[in-house]
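Okay, handing you the structure first.
Chain naming follows the written order as A, B and C, and within any one chain the residues start at number 1.
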Amino acid sequence: MPRSRSPRIITLLTDFGQHDHYVGAMKGVILSLAPEALVVDVSHEVASYSLAEARFMLAQSWPYFPEKTIHVVVVDPGVGTTRRAILVDAGRQLFLGPDNGVFSEIVRREDARARVVTNEKLFRNPVSSTFHGRDIFAPVAAHLAMGLAPSRVGPRVDNAWVDPLTAPTRTGKRTWSGEIVSIDKFGNVITSFRTAEFPQLAERPFVLKVGLAILGEVVKTYAAIPSGTVAVVLASHGHLEAAANQDSAARRLGVACGSPVELEIL
Amino acid sequence: MPRSRSPRIITLLTDFGQHDHYVGAMKGVILSLAPEALVVDVSHEVASYSLAEARFMLAQSWPYFPEKTIHVVVVDPGVGTTRRAILVDAGRQLFLGPDNGVFSEIVRREDARARVVTNEKLFRNPVSSTFHGRDIFAPVAAHLAMGLAPSRVGPRVDNAWVDPLTAPTRTGKRTWSGEIVSIDKFGNVITSFRTAEFPQLAERPFVLKVGLAILGEVVKTYAAIPSGTVAVVLASHGHLEAAANQDSAARRLGVACGSPVELEIL
Amino acid sequence: MPRSRSPRIITLLTDFGQHDHYVGAMKGVILSLAPEALVVDVSHEVASYSLAEARFMLAQSWPYFPEKTIHVVVVDPGVGTTRRAILVDAGRQLFLGPDNGVFSEIVRREDARARVVTNEKLFRNPVSSTFHGRDIFAPVAAHLAMGLAPSRVGPRVDNAWVDPLTAPTRTGKRTWSGEIVSIDKFGNVITSFRTAEFPQLAERPFVLKVGLAILGEVVKTYAAIPSGTVAVVLASHGHLEAAANQDSAARRLGVACGSPVELEIL
């Protein structure tokens, strides 16, 4: 079988920011080992240490990448401690990062197979205790991009860290409580209520309580939101979103990432 | 004729910011369809909804790219409404985005040929009503990068949206009014006065009124500006610019993007 | 000898920021001349005009890149003046930028060979007086990526600008004074004290005076720092670093880039 001519893709999702040298050093390590790899930045602006935001951004990006893409996610407050490094094979793609719950939704998939990353021959030597992105995750991703079999990375495990579902919890006959999982650059307020989990939203009226506001109007486009108001949008990511028209809903509502929200289906 | 080995370039210019997953999702869609495409970020930090700034940045970047580059510009407050998507072939390059005036200067070129993007077979399915960057512009750009003929995208139109020229207007025998089109990271104040349109600037003295200041000194380099002052620079982008030496002219002058400026040729 | 299939890497390290069109224009120029070059952003968020920060970031990234990488560093307050452009061949890599001291540590290497960049045939024409990144450094880097011999760029010189060492100075029998060279996105405070230059740190207790604080505790991982305190970390970059656990040490200590620090070995 001829080898595909397409370069192998490695995506990076971190909380490293774009000011520092961290991402540049990781890319240098990757390209030294895998010159043909294609490195794609998903985001380096995950809120520092926020596994919840990293999980949301990963869920919103990985399904759009081709098979065999290697997703490296480094949000890693426990770097250098006994926390393990993990490689998950799921959805015909690979996920590499610290075993701290950032891959909870991936690991929960039926087709997921997890391995602990233990093969030190793949690491840079010596491994620092503060920058595993450069010393472990970058070289392991590069070796995988060069065709290394996932089995060479380390043994299978069935106890990868899985956080409890961040899905909304039912609080009454017709009410659920959830939270704000992300606020985007436009100030759109993205909640943990997924429309796929609430099919009744398509048929029944509902209200979304965010901050002090009770939002009842549902629109399809941002442009349809009356100026000066906030409405609910069934947005591209599949979550209920509170938005304003060319304005920041987050500022209007006075809410932040992590704030509680409540859904009531009437 | 042998096929060129060079990858086809797709540039991205958006107001999506770099915090969110939007750009990453677009890149995933592009690379799934066109693995050999080379995606280049021009900027994702266009001020939210600012067509004027997007136009300026596009004008300052596209001429430096090679033939056949595909420029995707998504500043799109009208996403999901009846606004059309448009593809413009001009200057031996392609321009793809919402038909909202962002390509006004491109469409005005003599060699410009515009098409509405109507071929839904090229889109992701279903198309969301809030993220056409991912669902329409990314896959159409990818198909074009793979060699799809522009004619396959949709029919020719001759009524692409063209905003009135943002060129300065004459207000007197020797005076023109313009505006600030961009303030860069250094605080340099870039005006709508293009030196190519005012050849007399090379021969005659002039003053530039910005904020409360009247600037008369013209210098060739930032280093030539006396410390603590603001001067006029004939800068690399071809616009008159007010600048300070290792300091922010915008803060010194107390002006912002969109503020009026006045030119008087003495 | 067969030509390597690997694309030639050009890294960019600038203070241009990510809002403006500057980086996009440079990439257009590079890819027009060297379609197969791989452009890697190290950072564009160097503090405006800060040669010290650029030097630190360069030192933290270039050693991880493969042989023949071309590192373009543009932090250039003297653009358009008589300051020279320089190309340094060292460590089997190339370094290109203004001759203003940004390559001081590179030039000091025994294997360094510097050339002034004088061959105007390689430049864009005309060369602006404010944007040599686009008009000189981008096209020269592209020509080098296409295989141009460094000798074609200009003549050898032995007087490349070298700033005095920013290494700490001894202030007493057991005390040294240094400074803060960078504060990263997490608020980690990186000092000019390199552990390689102070081997006695491995054997003897010491204190680090930063701001009003006297830090004595040394830890290996961020997670080991007691909540609410700041400790010293022997971090991945080889410099003594003051850090907090999921918190900003810089804010806790009230210090900024350039602030003085003092080391006392007990």
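Criterion: contacts are C-beta pairs under 8 Å (C-beta built on N, C-alpha and C of every residue); 3 or more make two chains touch, one makes a residue touch a chain.
Here the structure is a predicted model, which means the values were calculated and not measured.
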**Asked** Rounded to the nearest 5 degrees, what angle rotates chain A onto chain C on CA?
**Response** 120
**Item:** Fraction-based call for chain B against chain A, same above half, different below
**Value:** different
**Asked** Where the CA atoms of chain A average out and where those of chain B average out, how many Å apart are those spots?
**Response** 31
**Message:** Two-or-more-chain contact residues of chain B, please, as numbers and ranges.
**Reply:** 18
**chain C-facing residues of chain B, complex** = 5-7, 9, 11, 13, 18, 38, 40-45, 56-57, 60-66, 69, 182, 184-186, 220-224, 233-237, 245-246
**Item:** In the complex, chain A residues that touch chain C
**Value:** 15-25, 27-29, 31-32, 35-36, 39, 48-49, 77-81, 128-131, 134-135
